[in-house]
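In what comes next, chain A is part of two complexes: it sits with chain B in the first one and with chain C in the second one.
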Partner chain A sequence: MKTIKQVWDWFEHRLELRDSIWPVMRHPVPAALAKPVGWMYVFGSMTLTLLMLQIVTGVCLAMIYQPTAADAYASLEYLNYEAPFGWLLRAIHYWSATGMVVMLMVHMTQVFLMGAFKYPRELTWIVGVGLLTTTLVLAFTGQVLRYDGDSYWGVSVAVSAAGRVPFAGPSIVHLILGGEYIGSETLSRFFTLHVFILPGLLIGLLVVHLYLVVKRGISEPPTPGQPVDKATYGEEYEKLLEKGIPFFPHALYRDGVACAVAVLIVVGLAVIFGPKGPGEIPDPTLIHAEPRPDWYFLPVFAMAALSPPSMETFLMLGLPVIGILALVAVPFVAGSGERSARRRPVAVLVVLVTFVTLLILGWYGATSPWSPDMEAWSSTPVPAGIVEKLSPLELQGAVVFQNKCCRNCHALEGAGGKRGPDLTEVGIRMNPEAMVRQVVQGGGNMPAYAQQMNSAEVTALVAFLVKLRPAGIPPAAVPSAAAESLVAAPAETP
Partner chain B sequence: MTHSPPTSNSPDEERRGLLQWSAIVLGAFATAAAGVPIVGFLLGPLRKRGDQWTTAGKVEQFPIGQTRLIDLENPLHGLGDGDAGKIAVYVRRADEEKFQIFAINCTHLGCPVNWLADAGLFMCPCHGGVYYEDGSHASGPPPRGLFQYEHRLEKGDLLVKLGHLPTLQQPG
Partner chain C sequence: MPTANLYAIVAAILLLASMSIGCGKPDPAERFVRPDDITDFHVLFQQNCIGCHGATGDLGPAPPLADPLFQAIVSDDQLRETIADGRPGTLMPAFEKDQGGSLTTDQVQILVAGIRETWKAASTPTDKLPPYQVSTADPAGLKDANVMTGKELFETSCAKCHGDAGVGGDAGALNEPALARLMSDIVLRRLIITGRPDLKMPDYVTLGKKSHTGEAFTSEQISDIAAYVRSLQQPTKIAALPADENQ
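Up next is the complex of A and B:
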């Protein structure tokens, strides 16, 4: 025991931790944090814990991962199936990344709703926005390092979007790719970003963030009717801290419990669901890939499909920048005044609208109803209940319907593509003339089939479509209003 | 014995001034000496490499009126590329002499388009872009028709010039 103390004293004499770290550990925080509301203050620590888990598992994975286009996929397979606990480390890395993004959003929402970004903690919030941005870029670069078909085509999508930047687009594409095409230099670049540059930036921002948290103090739980007044807040906060409690052990233990729960949940998810991918081999000649981004970027993926063509480039490139700038602007727009969410209905509404929008876009991104079902024409037969009532001509029409891949975009009885309307009852919505016009001329997001079908095929197809209606209901007698509105086709560029 | 106060031109101050300027000038040189190669290296990819000609196949491999997907080796490929050093293109032979060679990348956001021969259409699985068999835009979000590569016929071979990933401002 005496030896341990001597060793400790030897280090302490040189490090002087009692004068540096100990006061930080014992710095006072508002006494209210010892109450149940203190659980609202654990999200930042949970995010930090998951970051540390990311770093540790990432270092382990980097010992085996080969950042070259030729070997990356095989090294991921090796990690999954050969390296001891390799699959689990990959899974923990993936699920802790997911957890980190979730907790970061929860933490920022809590800070926003509790008005903790207001004076004098504006810079803490702004650095937090930097941490969010860096984390999302880390998430994207991490997805690329999971070098499979989704990763390869994900880079293709990213550079295609970046290539739209006016004037600088081609240069940006070259800088991202490290050359002319997606190859080994591309993967090395993403590896360098993911393993060296972004973690370094993240840790740098984190140090500033934590310094500010200690320096400016943890915000007290807001009380309705007690607005932040820049002239008096500092003095009031000092008085509050006179009755405060030390961060260690009170708040730290609560953080410890929450962080342990976060780690246990992540490891549990990793064990149950395992690592993500790698999926299909990243071979640019395998063109039947249907790339989808990780869940963080599904709203952006959806936006690329749903934006009007005239605003598409702006929405793809400009909206994320505007979103970040809007977050940075928050403390300048509402840097003082009421902190309690009960007195800030606009803030609550902003949070609700943001999350509902992200959820809806994310759902659309996950289900992507705008994407054709590329296999439907050959893998999803016309339902037997429809076929058994058809005449020979109508049967021929059903064959045309399948062979011309109409089924890739149009479902029958719910099965098939969702890009166009379900045609199960199209016979009561459109008359034959409107159908012919729609098939031959296209429009409303449907290609014109004038060059793709001869008149016999059109006749058979329309006979089949007219038959698609409930028993006992006569076919439509007039062109439908819906059909008229479909005529506005987008302008074609040769 | 009294010491006279140092004047503004005292040797100490002159020495400090010399050191200050030496630090600034030498520091600038040192920064440039180390920085120029670093920045040059980082910006190296901005130096564009031109596409190169490669053989897509014998002319008779491509039946008139058909579109075929062919796999080639990217002429710009380098060490360590593995499968990424390959490139796929669609070759359409419209008539005896007329060929069109399309990039597989959708002009919307670069996803791989599929050729559906029976329908005579190219379809993109990502956001539903559709193109006619001549590569022109048919429907969906793509802002233009498919990217096309420069090509020529030589001694019975179909040659195509390619290498870079086509994007809107740098098409084929």
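Up next is the complex of A and C:
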């Protein structure tokens, strides 16, 4: 013991931690944080813990990962299948990234709803927006390093967006790719960004953020009817701290518990679900690839896919800037006044609308119903229950339905493409004449098939489609007005 | 023991158990394989065939492959040729790359071998079965067929389900002109021979015994029936389509 104390004293004499770290650990925080509401203040620490997990696993992965077009995919497969616990490292890295983004959003939502961004903590919020942006860019660059089909096409979309920047577009594309096409130079640049530049920026912003948290103090839980007044808030907060409690141990222990839970959950998810990818090889000649971004960008993916072409440039270049500026503007628009969410219905509404929108767009992005299922024609069988009811001509019609790839866009009993409507009961929605017109002329986002089918095929196909209706229900007698478009065909047609 | 501690112990045990099992560990069998390198019959069949021939080789709109009688009458070469080149003029597409498809020659061969292995042929000796193909020039033997004989056989057997003159019955009509363009002669012949057991259509033995002859159809009688069905579909053209459209 005496030796340990001597060593400690030797370091303490030089580092003087008692005079620097200890006062920070013991700085007073509002006494309310000792109550259950104190659990609302742990999200930032959880995010920081997951960042630490990212750094540790990232360093280990960087020892094996090869940032070249020729070797990147193979090195990921080596990690997955051969390196001892390589798969677990990759899994923890992925799931901690997921957790970090989730906790960042939860943390920002909590700060927003509790009005903690208001005076005098505006800069803390703004730096937090910088941390969110940097984290999302880190997530994207991480996805690119997982050099598979999703990665390849993700970069393609990103550079096509960058290429639309007025005047500088081509130069930016060249800068990102390191040449004219996606290859080793591209990977090398994204590796540098992901491993050196962005983590450095993130840590720099984090230091400023934590400095501001300590300097400006942790905000007290809001009380309805006690608005922030810039003239008096400082004095009131000082009085509050006079009755405050030291950060260590009263507040820190909650952080410790929450961070331990976060690590356990991430490791648990990593062990159970494993790493993500790599998926198909990054080969643009694989025409059946269905690239999809990681979940963080699914809402953007959906928005870009669903928006009209005239909006694309704005959505790619304008919307992210507007989004960031809107977040930065929050403390300047509502920097004082009520902090409690109970007195800020607009703030609650903004959060609800934002999350519902993100969830809906994310769901669309995950399912991408706008994309044809390119293999459905040959790999998704016509339901046996339908086949059993068909006549020889209708059987041929079903083969036409598969052979002409109608199935790639139209599902039967839920199986198949989702780009067009499910045709399981189309026989009660459209009559044969309307079907022929729709097949031959197309319309409503469906191409015309007059050049791809002969009259016998159309006859057989329509005979099959007419048969697609519940037992006992007669076929549609007349086309409704909406039968102009098969896509928009309503269900109420008799 | 406090509840919190109990939860912690349970969580730790679950985590340790999961780690020891390593259920999230990637399975090498699930590695991405280039489409050209797929050699598993079931994967190839699932990706390329079940859309028309059914998930288990039957109950699809196209004739079933899971039919021992069909497997008994068709040769490996005929099966390979049909998969590789398709049936020109009909809806069966060519699957071999040389013909514009997506499969390599080896993959076509794997499909042939797999179909053979999965749905083994009936034990009936081949020489006692009607041939799948009568000749190269006239696959279904329609040129020398007797339509009137076929009519008589049809009316005493097939008409029970397909109606007189094929106008339709429980099993649907056969007198649709569209069928003449969509269904090749060889497929028509094959369906008379094998029936569609998955759709309760009897084979040539059962049908023949129901006919006025009371015996299984012969190869010539099958051609006669096929010619009659064609005449119903093309009243002005009793003969078959040109041979090059019916291979």
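Definition applied: the second predicted complex is superposed on the first by the 464 of 494 C-alpha atoms of A that agree within 3 Å, B and C clash if a C-alpha of one lies under 4 Å from a C-alpha of the other, contacts with A are read in each partner's own complex, and residues count from 1 in each chain.
Convention: a contact is a pair of C-beta atoms (placed from the backbone, for glycine too) under 8 Å apart; a residue touches a chain by one contact, two chains touch by 3 or more.
Everything quoted here is computed from the prediction, not taken from an experiment.
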### Message
Per the contact definition in the header, classify A:68: touching chain B only (first), chain C only (second), both, or neither.
### Response
first
### Query
Just chain B (first), just chain C (second), both, or neither: which does A:109 touch?
neither
### Message
Once chain A of both complexes is superposed, is A:80 in touch with chain B (first), chain C (second), both, or neither?
### Response
second
#### Entry: Contacts of A:178 with chain B and chain C, given as first, second, both or neither
first
### First (chain B), second (chain C), both or neither touched by A:376
second
### First (chain B), second (chain C), both or neither touched by A:279
second
### Query
Does chain A have more residues touched by chain B or by chain C?
B
### Message
Quick one: is A:392 in contact with chain B, with chain C, with both, or with neither? Answer first, second, both or neither.
### Response
second
### Task
Tell me which partner A:288 touches in the superposition: chain B (first), chain C (second), both or neither.
both
### Task
Once the structures are superposed on A, label A:384 by its partner contacts, choosing first (chain B), second (chain C), both or neither.
second
### Task
Indicate the residue numbers of chain A shared between its chain B interface and its chain C interface, in ascending order.
281, 283, 288, 377, 403
### Message
Which stretch or stretches of chain A touch chain C in the complex?
### Response
77, 80-81, 87-88, 91, 148, 264, 267-268, 270-275, 278-281, 283, 286, 288, 375-382, 384, 387-388, 390-400, 402-403, 407, 454-457, 459-460
### Message
Residue numbers of chain B touching chain A in their complex, please.
### Response
43, 45-46, 48-49, 51, 69, 71, 74, 76-88, 104-105, 108-114, 116, 118-121, 123, 125-128, 130, 132-133, 136-141, 143-145, 163-165, 167-170
### Summary
Interface with chain B, chain A side, in the complex: residues 68-71, 152-153, 156-157, 159-161, 163-164, 169-171, 173-175, 177-187, 281-285, 287-291, 304-305, 307, 309, 312, 368, 370-372, 374, 377, 403-405, 408-409, 419, 442, 445-448, 451-452, 489-490, 492-494
### Task
Sort out for me which residues of chain C touch chain A in the complex.
11, 14-15, 18-19, 22-26, 28, 31-32, 34-35, 46-52, 54-55, 59-62, 91, 93, 168, 171-174, 176-183, 199
